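Chains here go by letter, A, B, C and D, matching the order in which they are written, and residues are numbered from 1 within each.
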Amino acid sequence: MRFAFTDQQLEFRDAVRQVLTKECTTADVRAAFEDPGTPSGRWAALADMGIIGMTVPENLGGLGLSLIDVVPLVEEAGRVALPEPLGLTVGVAAPLLTACVSGDDADASARARTWLERIAGGDAAAAIGTHAGPDVPVAGAAGANLLLMTAIGPEGPVVHAVAGTDVSITPVSTLDPTRRLASVAWQPGTDTVVASAPLSPALLERTAQRAAVITAAELLGLAEAMIDMTAAYAKERQQFGKPIGSFQAIKHLLAGAQVVLEFARPTVYGAAWALDHDEADAGRSASVAKAYASEAALEAARVSLQVHGAIGYTWECDLQLFLKRSWALAEAWGSASDHRALVLESLLAVR
Amino acid sequence: MRFAFTDQQLEFRDAVRQVLTKECTTADVRAAFEDPGTPSGRWAALADMGIIGMTVPENLGGLGLSLIDVVPLVEEAGRVALPEPLGLTVGVAAPLLTACVSGDDADASARARTWLERIAGGDAAAAIGTHAGPDVPVAGAAGANLLLMTAIGPEGPVVHAVAGTDVSITPVSTLDPTRRLASVAWQPGTDTVVASAPLSPALLERTAQRAAVITAAELLGLAEAMIDMTAAYAKERQQFGKPIGSFQAIKHLLAGAQVVLEFARPTVYGAAWALDHDEADAGRSASVAKAYASEAALEAARVSLQVHGAIGYTWECDLQLFLKRSWALAEAWGSASDHRALVLESLLAVR
Amino acid sequence: MDAPMDLHGTPTQEAFRAEARAWLEAHAPAPRSLPSLDTASGFEAHRAWEAEMAADRWSVVSWPEEYGGRGVGILEWLIFEEEYWKLQAPLRVSQNGIFLLAPTLFEFGTDEQKSRFLPPMAAATEIWCQGWSEPDAGSDLAGIRSRARRSETEGGWVLTGQKTWASRGAFAEWCFGLFRTDPEAERHKGLTYFLIDMATPGVTVRPIPQIDGETGFAELFFEEVFVPDHLVLGEVGKGWNVAMATAGSERGLSLRSPARYTEAANRLVDLYAERFTGDPDRTRRSADAVAAAWMDAEAYRLNTLWTATRVLEGGAVGPEASANKIHWSQTDLAIHRAALDLLGPTAEFHGDGIDAPWLDGYLFALAGPIYAGTNEIQRNVVAERMLGLPRA
Amino acid sequence: MDAPMDLHGTPTQEAFRAEARAWLEAHAPAPRSLPSLDTASGFEAHRAWEAEMAADRWSVVSWPEEYGGRGVGILEWLIFEEEYWKLQAPLRVSQNGIFLLAPTLFEFGTDEQKSRFLPPMAAATEIWCQGWSEPDAGSDLAGIRSRARRSETEGGWVLTGQKTWASRGAFAEWCFGLFRTDPEAERHKGLTYFLIDMATPGVTVRPIPQIDGETGFAELFFEEVFVPDHLVLGEVGKGWNVAMATAGSERGLSLRSPARYTEAANRLVDLYAERFTGDPDRTRRSADAVAAAWMDAEAYRLNTLWTATRVLEGGAVGPEASANKIHWSQTDLAIHRAALDLLGPTAEFHGDGIDAPWLDGYLFALAGPIYAGTNEIQRNVVAERMLGLPRA
């Protein structure tokens, strides 16, 4: 039994932190807020480090790593409010395509390989629409060059990998513009199929669970960033002749948020490990993680805004970048209460 | 539109407060905790003031008053943790019997009158078992000399008024011994019927609503008493060289409880008025009141125990008397979540 | 007081309700049909709507007729608000004037001040913003540093300093605020309450873009701004008492009318009912939160009636105003949080979409525990003044 | 550390689990079959059970074999606890000794002290109570006034003062506590950690009846109680550091094992399932609270594994121990509050009834945010030491 990252995983995380600290400042995120299409060198920098391809099998140019390796890096992405879909591409799209490679249909398998090679080359940013009905907007659709979608065939859902150039999108206005939500119109064709036999519902379910855990990891980073910047503000901001952080009410607000975050963290790591090892309770673990991380981020957001006061309510204050992402991701891939319902259902199923 | 008590109602309340302050000290309540059968002059003192018979029609020796007149007095009963079933006798049993008087069956009507006269004479303390199934214990059954019970006849529920001497009781151990909960075994006979034609389900429902509002009023008093004694303790208890009440954490705990209590109060008064006037939304108002008052008392209990610290956890500390009653009454006649469900159901019904 | 409790309106009150409803139904803009009042065009659209109300004497019903009102009481004002919010009529662009300044003017203003300022306030031809907070005086309001220097020669005061978080300050014609007239006096003392024409030379306005990108509030810079003596409200040096007297007695009652939350709570139940039809299992999970939020609004309505009756019968509103502030701000959050939970993945929609107003409302609700005195400060007041706990 | 993450037990660990389970299944008393350990007879019944465990070396598995343990690590201890709680085996009457004093003895005790005290502690022949709090030193623990006067002639110390809230103090044989050996030193300084035989002349015990009528704790009065030098733990005058070093490094991990909450959380789900069959509509309302409480226990389990791994790999437990305390006490309350909500009208049942244990558990849970340092104090620690906020 060992519940900790390896030294290698920590070194990778530290390296990513270093790059993101430089390449993704709040000014950069702000620029993406103003125009989500703003070109940046961030994706290329991550690709150069091998991050974008880290879960692509080694024979396709990747590093063949697992979700547990991705999670600490996505946490870092959350800490800087990275606008790009790092987690969904690396933690969800690549594993799904990898599962498609082993299918019987050589054409479909080859297509999945090609996309995986593009991901490994840093050349594809993915949006995951596998669970979206025809009218449900897909996050990241407006910027993605790879969209993973499902079409219901006669035997069940079939997965398609569609190029960004082959879909027509209708953007949806959201509070955080970097979410790039859009409705996607596309034509399922034989040339986009990556799994010609219908994928098992279990694999699609697993995809949603991976997305939940990846989103949870991002929420951990966001929560930590908000608590940190708020604690820093509380040390500096003076009222009644002393820093507001010396008032017990402020301390206890922040301490409460910190406690939730502390306990959310291992649930996310545990869920990533469980998914990697196909544990019997992996789905439930994923739900625990997403519910906990959503609550942690919502509480950190609430407390941070309250401690900042009116300043936190301004466009100028960087806090807004983290608040908006948190509010969006807390609901994405299942809200806290959605996942609590799943947890209870799963507990009752084994009784 | 006028949402306030009359001067008369307030004078009545003040008079009751004066009597209870003298006749129902915490030492008296403690004696009742040690032995719930301890004789006391409290009931007689209240009867002498006309309180016990206040809702009995004037022609039967009472004052012919309404629920809204009873509520502030029951609040006072809660403030001193009165062990006797004042609210249920005056606010629930007497109105139910009064409704029975106007029935067609002269014998049943006469029986209801006789009981009402006994209540007016201060000679009957009631327990309400109309909603209890055969195995469900009834609060106050162990001390009551009047038990209102229902038996299901061929046409529906029929109400019986049974003398305490005619039932066989099996006490149930509860945390607050003055609750005197017991399972009641009794034999429906023609000589106990007070409403020979089955009472309308609406009237029984109304009885439960009255009980909910009466219990809510008692919870208001309990919550106020706990907050008051805790604020007093926080002013006196010193730690770190100053009264603990000067720490913001303690202030905010108590302030939070006080705010809930402040907003619970008018919901109880509004519900009593609505029941008195058979308003269309009276049942919903009763549920709002009980849900709010339950939450107010539970929050006051939680905060009071927390602020008292270990002392509050002792038998010696008077707080326990109020805590235990609060925990019991918060669940009695429907918990907060039971009533919230009823509220939503009623809101949806009119949509 | 021997009249029995009665939660029904009198025939006169119900007639007033019917009249108000009829007028509003005929005139009120459709829900969300005006642009946001935190934009320049929305500000003017809202001003036009209030001018329309004023023309038929519906903008400030509880004011005396001479100032543009109908001279009705506080209960009638609550009735009017109920009808107003039922139709989801627009937010009041003149709220700072009519709800915050006006009660103070009625209590402390000279006859000249009242005649000069109340009618255009009622007509929305002059819109007011508030100049309380400063960069270093937020929760610690008594830490105000903006100062006013006496000019005997000119017969007035010369104001210098900076105010911030002035809602609608980017567009308002007038500002009311506290300035330090006695630099030697400590904290609460030596402050004076001024009425300031924003067109006076030396006033500079810097709009502050809000979290949603709109310019809801502004910073105000005062550089040697002359304010004549007749624009001092109340006594010189007593500004704190002037500001706080009204905060204590009226503000708790009139700042946020219960009808606003009742309306939002009812919309929440509608949303629940609508979603329930589509997905009963998922929706059922939100039932407790929806009911609790609705009840919070209902308790606020009843508590306001309770307080209004007390005030009508000569009572005062003391520290309960702080309990009130805590309650309505929490209620607003509870309503909107429950709504977003019901919406789930569409909760993040913004702009003109059908679900978007809940997110806007949530953003606004999140500010509730902050403005008008943070809830932390209000809890101190409740603990110290209602429960007698010692100051730190 | 290059071993990959692995939440499965090693074959050795699973063999240990199987052995523990087999022994416990053969020996553990049925759930709730022993009288309460806060009564005289229950105390002895629990002592007998622990003696039985000790006889087969199951009472303190993580201690070295020479002191009665099995020399296994902290992960194995957690495994043992899982098996122990799964069977709802009795609360540990020697918990103050084995969980609070023992880690300190291991760190600061002399070889003689360890040999003298650990074996009878493991065997439950000597049961310890804690002498920290005083009537005026609760949250303000550094305000301790009980003092110890030096007696050079006798080679020891003479203790005078009063301690309170000593759990099981009414029955315990030994007490560990802090006394002021330097009356001039301020607050945290000048305190010394003593091991006190309760049979020493001058020790008087006054049992304190608890809220439920049982004598769970006691006041201890010390009048000129002689304690020889060899019963000082750690350095004279360093008692605060001795006490706190362990509180920081071990207490957060060993005071409340996660298995206890996992067991209660699973019983809560059982209760839900059972009630759901009878009344799905009513029960469904509690679903969110039941799931949330279960998840709190699950998060506590995972966090403990996380911390245990860090400790095993040379890390230390700092202020996270305070976060831990806040979390487990809230978890316990959440579990029991949800259960009482499910029970509804039978929630108030007490004594031997089938539903009664939930109320007992609630009473115990309510004490959680108070003992072992109130949660208010713990939140100060989290804010100051994890987030660096300034002291008041």
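Just so we're on the same page, a contact is a pair of C-beta atoms (placed from the backbone, for glycine too) under 8 Å apart; a residue touches a chain by one contact, two chains touch by 3 or more.
In this text the structure is predicted, and so the values were computed from the model without any measurement.
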If you tally the C-beta contacts for A-C and for A-D, which one comes out higher?
-> A-D
If you average the Cα atoms per chain, which one ends up farthest from subunit A?
-> B
For subunit A and subunit B, let me know how many angstrom lie between their CA-based centres, rounded off.
-> 53
Distance in whole angstrom between the CA centres of subunit B and subunit C is 40
Return the residues of subunit C touching two or more other chains; collapse runs of consecutive numbers into ranges.
-> 285, 287-288, 376, 379
In subunit B, the residues touching two or more other chains are 247-250, 252, 337, 340-341
Which residues of subunit C touch subunit D in their complex?
-> 284-285, 287-288
Complex interface listing, subunit C residues touching subunit B = 1-10, 13, 75, 269-270, 272-273, 276, 287-288, 290-292, 294-296, 298-300, 302-303, 305-306, 308-310, 313, 320, 323, 326-327, 376, 378-380, 382-384, 386-392
Please name which positions on subunit C make contact with subunit A in the complex.
-> 133, 136, 138-140, 143, 164-165, 208-213, 217, 281-282, 285-286, 340-341, 343-345, 347-353, 356, 359, 363, 366-367, 369-371, 374-376, 379
Subunit A to subunit D touching residues, read off their complex | 1-8, 68, 227, 231, 234-235, 242-243, 245-248, 250-252, 254-256, 258-259, 262-267, 269-270, 273-274, 279, 288, 291-292, 337, 340-341, 343-344, 347-348, 351
Inside the complex, what are the residues of subunit A that reach subunit C?
-> 136, 172-176, 179, 181, 238-240, 244, 247, 249-250, 302, 305-306, 309-310, 312-317, 320, 323, 327-328, 331-332, 335, 337-338, 340-341
